[in-house]
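What follows is a structure written as structure tokens; I'll ask about it next.
Lettered A, B, C, D and E in written order, each chain numbered from 1.
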Amino acid sequence: MQALYAQLLVGLINGSFYALLSLGLAVIFGMLNIINFAHGALYMMGAFCAYFLLNLTGLGYWPALIIAPIVVGIFGMILERTMLQWLAGLDHLYGLLLTFGIALIVQGVFQNYFGSSGLPYAIPDELKGGMNLGFMFLPIYRGWVVVFSLVVCLATWYLIEKTRLGAYLRAATENPTLVRAFGINVPRMITLTYGLGVGLAALAGVLSAPINQVRPLMGADLIIVVFAVVVIGGMGSIMGSIITGFALGVIEGLTKYFYPEASNTVVFVLMVLVLLVKPTGLTGRAA
Amino acid sequence: MAEAPAKTGATPVLSVQNLEAWYGESHILHGINFNVNAGEVVTLLGRNGAGKTTTLKSVVGIIGKRTGSIRFDNVDITRASSDKIARMGVAFCPEERGIFASLDVRENLLLPPIVRPGGLSLDQIFELFPNLKERLNSQGTKLSGGEQQMLAIARILRTGARFLMLDEPTEGLAPVIIQQIGHTIARLKSEGFTILLVEQNFRFASTVADRYYIVEHGKVIDGFANSELQANMDKLHTYLGV
Amino acid sequence: MGEVCLADEFILETHGLTKEFAGFFAVRDVALKVRRGSIHALIGPNGAGKTTCFNLLTKFLKPSAGQILYKGQDITALAPADVARLGLVRSFQISAVFPHLTALENVRVALQRQHGSSFDFWRSKSVLDRFNGRARELLNDVGLSEFADTPAVEMPYGRKRALEIATTLALDPEMMLLDEPMAGMGHEDIDKVAALIKRISAKYTILMVEHNLNVVANLSDTITVLTRGQVLAEGNYAELSKDERVKEAYLGAGHD
Amino acid sequence: MKQKISALLFGTALAFCASAAVAQDKNIKIGVLTDNSGLYSDLGGVGSTLAAQMAIEDSGLAAKGWKIDLISADHQNKPDIATTIARQWIDVEKVDILMDVLNSGVGLAVNNVVKEKNSIMINTGAATSDLTNAQCTPNTIHWVYDTYMLANSTGQALVKAGGDTWYFLTADYAFGAALERDTTAVIVKSGGKVLGSVKHPLNSSDFSSFLLQAQASKAKIVGLANAGGDTTNSIKQASEFGIVAGGQKLAGLLLFVTDVHSLGLKVAQGLNFTETFYWDLNDGTRAFSKRFSDRMKNKAQPSMVQAGVYSGLIHYFKTLEAMGGNVHDGAKVVAKMKELPTDDPLFGKGSIRVDGRKLHPAYLFEVKKPEESKGPWDYYKLIGTTPADQAFRPLSESACPLVKK
Amino acid sequence: MSALTDDTLPASPRAVRDEMIVFVIMAALLVIVPWTGIYPFFVMQALCFALLACAFNLLIGYGGLLSFGHAMFLGTAGYLTAHALKVWGLSPELGILFGTAGAAALGVITGYVSIRRQGIYFSMITLALSQLLFFVYLQTPFTHGEDGIQGIPQGYLFGIFNLAKPTTLYYVVLIGFLGGFLVIYRTINSPFGEVLKAIRENEPRAISLGYKTDQYKLLAFILSGTLAGFAGSLKVFVAQNASLTDVHWTMSGEVVLMTLVGGLGTVFGPVVGAFVIIAMQQYLAGFGQWVTVIQGVIFVTCVLTFRRGLIGEIAHFFRRSL
């Protein structure tokens, strides 16, 4: 039973990454109607950004948490301005293909310059060590990741659901033309939204840098799992994607305990089951 | 083509000349000409699909391809982006009302940004539409059709724009609500707003309008003042097919 | 038995048909009875729920409540394709053609469904040539003979509507639902299509939504007036044109 | 792909002299088939090509009238691409010998092509011990290491050093299972005990739950029967969970110096694993590695895969020289290579067994603590050596058809 | 959904004639390959991928469905054929039949699941399904994990043709490719293909005509999967191995790339695209590290400026259907 609790908690950590990534995907999808295949690559860039900040400028983990998402966010906005915006009005699938190409380029370039085995990034001193919770040994850093990403997710939710800016965003998701006709610069909002979604991915990258090797391909396989998460949750609601992300992390964690052989596939199997029962996903609007 | 007499001495707030517009591949407007003077209520009448809504959408810049000339406050806005047009003081209330389902009433109301000083305060708006105050926290689309229409009008009054374009504000509404909207428009007119109205319901239009233009097949084919309405009744029946 | 008689007389009936969109009743408690062999028009001001009603009848929307009977059979739960297979075929408000197929191919797609072989991926499509004769006949009927080999996307708007009707006729339906068949047409086209509808009504039951009251007046046997999602009145044109409530709904709050 | 290094110097003059004797072909074409872009590009990649080039230069054959061409290509870790390239090289480019060919799947696939075409492969990168076991051929030599050797050396040496209870973190596929199976056999034979194991899926990003189970087992050694990113991530996360700090030892069953480099000493310290080459082993390795890293773009030290390319080619050249020319007959050359003893500064004296297994000692290393390291790439201390004759799978257990029992 | 292939022309008799001429030229060029000095194994590999891309194109170009998981058919059929040949010792023709049938069965199952959503969701679902299968194959013993199934005997087709001889193998693969290509071409120009086009053009209208569109899409998916599997079975004889790379999602991405480069929804585009991409992989392998980057750049360029693809642009220029 103790081990079970431990797995539950551990599952939440993966869930944090799923939630941050699927949240970013949902935000982008809402405004741009694009499934951002480059999300995994941008997540990787976030981690690399943290590495560079440390090794080139000496800025450690804490500044990286702020700077990396901004830097990668700006990179994302440049992508949106130079490429994605030209796809407006075309079939959504072109967005998928374009971002897939971008992902290949970004990952390839990083692989050329930094090899494939990756770079080290240490856990910040403040978060080293662990706590004995009685039923498990919890590395402090992991606890921090869960709490922090939950805070970020909720903050994003608050930003979108409860603020004026969020109201613009939701309105523009429903009817961009009309919102623009009210005097709001929707194209700029779209750019910013892409930056925000990408920034969330980069943030997840920074969070994962101390746990995982900083590798060019660190996001490549992860993104497919996140896609499955998105299919399961549907992309109708912000809260939906957060909850689904965490929930699937926990389910995966439990699978690792009860039947580890299937832990790689459990998310995909769940996806199939959800599709059979409720094709639009758990919280999804009709496509 | 009979040009409707404009009030002497008035400067046109909006002047549309030879406007053509395309919706995707289909050519909808084939040369629209009309003026709206400051303080007037002008109504575009016409059958379904005649091009009235497209005209409004062209003015506010949300129709893909448009040629000709649209001048607002003596500035050419033919090719301006819709957010710039809106910021110059053109407020648009679409036919389908455009109430956002994911926003509550308050958010819907506060959505359009203030473009210039002089808009109605929230208190003034609640005085015009008392219903809205009670329903501030409901989801926008949970309102009744009439309330939605009021909300759609109310939110563009806040922005400070003095030129309003209302696309069939009475559509699908109960007579008592239509009356209320009529009163609102009259009140706005008395406060100096300039209003361009699209209507099929010309009985309603006749209660508020100063002048009319008839749109058919993407062209303005006729125009007359409210005083000439009775004289033009027969023509009107032919044009509108009623 | 009464029920059977009813089914004989009325090809389509609804009871308490209701559609709610997030608290808003687009269609509310509508009871409709369409007599076999008649032209039945559904009119009402914009936003009265005509198109929603239409989509409910053809199953493109799921009713929130109520029942739809077609030839006495409850079709409330059927899929749209199944409804079409029962002989209840619709048109769309905006012209619905297959843009990159020629007019002939458009009609053939409909003919093909009826005569099977639609899953045959191993046969040449030249087997479809046997439908060409019938397809040309249908195109001829709606005055589109010279457009047979034109891709639908290149045809004028009014002709697309005619093509849509020809495609619908190809299914040889018992009942046709026409959604604003005259929308966006010029006078000449309107007359042509009106004549066409009149002509085909000899064979089919037609339920149409239409704005153009002249057309409605000339064509319809029965008219149902909808406002705000509910039935306001029903009758023939002469009766309705005297009805004050109808006038008011149409012409607004003002007085003459 | 055609990075040609034509080393023809005094060629014509010497060839003219030699032609008086038996007209012998003195052309050699070498193909380095490696992973230039993927997961293993740090291990092999451009470094393997460089090592081959250095071997050509060091052989001094050019001065003796030989003409040696070198080409290389990226197999992208795809067996089908690799076999097409290999076929084309052998058929069209007339390549005599294929070097590196890392990645087990690719190695095995090319193994078949080489046999079919009677060419030669000196495999320095594939881990699978099948190359000299069930799938051995007269045309393939497996040079540097294999899974059996890694398991054997690491297991044996650690049990001897007191690490007698083990818990495995095993990648859940054939490769991981083989590593675990082989190591378990050695541990049990050496008197140790396996307390348990947990299978994790390939390419896991999160090992915490597996590490928790390993921690709970209280085993002295946590064996990592996985590879690549899985290994580095599990090491990194083990350090986070304080596994080494808590007194348990980590043993990597397939790990390379490049992995340690990318992990950093802070995380990798105390880790045990086996390699057959390390740049700082003796004067010979140091001299080679200095020259090598000077020519590498990122100043990296050679990995054992790259060192193997050099060593293997040196022996190949020696054999051809002994044969007096290139007979372009793979099986014949390989047979001769097996006859001759090997000797080079990188792997020392050794031999090639009848099954194609190159024999040399295996070294068990422990990764230094950051404070023990004297400079870049100073990572290992040697804690045990398994002699060449004990390091690899004995012929008595071999399933290779070339072995006559 | 039809925007991806919006400017296709209706198939006129002239178009059919054009296509037949190009087909004959293509077939003639391919037949003489063994005498040109072009390395036949390269062409064989390209042919297998060309067939795969054509199968993929059947789904996207004529069904409007972008599958991001077509590698699962290629890989599944490859594994099954390889296993049948090597372990069960089946003859080549039975091996191919077994592999292709396996892919067809997989198509039925995955199609049933994925057809429930459209557009990007469909793409994501197929991608996820293929990743699921990747993990399954990684763990199932018969695939030998990372090592793959190696040293597959090529055998004698129908007991007569020795597939170990490159020229014989080449013609067998060529016949397989041409056969598969014609099946696809026939499918496109069949009564079924007409309905498929109608659905792609205007699905609500097709429904209103009484077509149960999901059934048509499912059949298209199964056909596409089966032919992709056939390509995978043929490939086993060329590569003589079956490995995980064939089920990995990057392979699915490559198929999309091939089709995009050649022209989505064109008859010959996927073939050209496959040859371009395979040639690039083989002959630009010297760029080493840059292969993925180059692929990415091609993707981006195609989507931004070149959406019709090579053949699509040519066809558009000449106002022909190719």
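Structure notes:
Convention: contacts are C-beta pairs under 8 Å (C-beta built on N, C-alpha and C of every residue); 3 or more make two chains touch, one makes a residue touch a chain.
From a predicted model like this one, the values you see are computed outputs, not experimental measurements.
Common neighbours of chain B and chain D (chains touching each): A.
Minimum number of contact steps separating chain C from chain D: 2.
Centroid analysis (C-alpha atoms only) places B farthest from chain D. Separating the CA-averaged centres of chain A and chain E is a span of 32 Å.
Inter-chain centre distance (chain A to chain B, centres taken as mean C-alpha positions): 43 Å. Averaged Cα coordinates give chain D a centre that lies 37 Å from the centre of chain E. Here the CA centre of chain A is 48 Å from the CA centre of chain C.
Residue positions 135, 139, 289-292 of chain E are each in touch with at least two other chains. Counting partner chains per residue, chain C has no residue touching two or more of them.
Touching two or more other chains at once are residues 37, 41, 172, 201-202 of chain D.
Contacting chain pairs in the structure are A-B, A-D, A-E, B-C, C-E, D-E. Taken in their complex, chain D has these residues touching chain A: 37-42, 172, 198-206, 208-210, 212-213, 215-216, 228-229, 232-233, 236-237, 240-242, 258-259, 261-264, 266-267. Residues 164, 167-168, 170-171, 173-175, 177-186 of chain A are the ones touching chain B in the complex. By the touch rule above, chain B contacts chain A in their complex via residues 60-62, 81-83, 85-87, 91-92, 94, 98, 100-103, 107, 110-113, 115, 156, 159.
The touching residues of chain C, when paired with chain E in their complex, are 58, 60, 79-82, 84-85, 89-92, 96-102, 105, 108-110, 112-114, 117-125, 127-128, 149, 151, 167-168, 171.
Against chain B, the residues of chain C that register as touching in their complex are 21-24, 45-48, 153, 157, 180, 183-184, 186, 211-214, 227-228, 248, 250-256.
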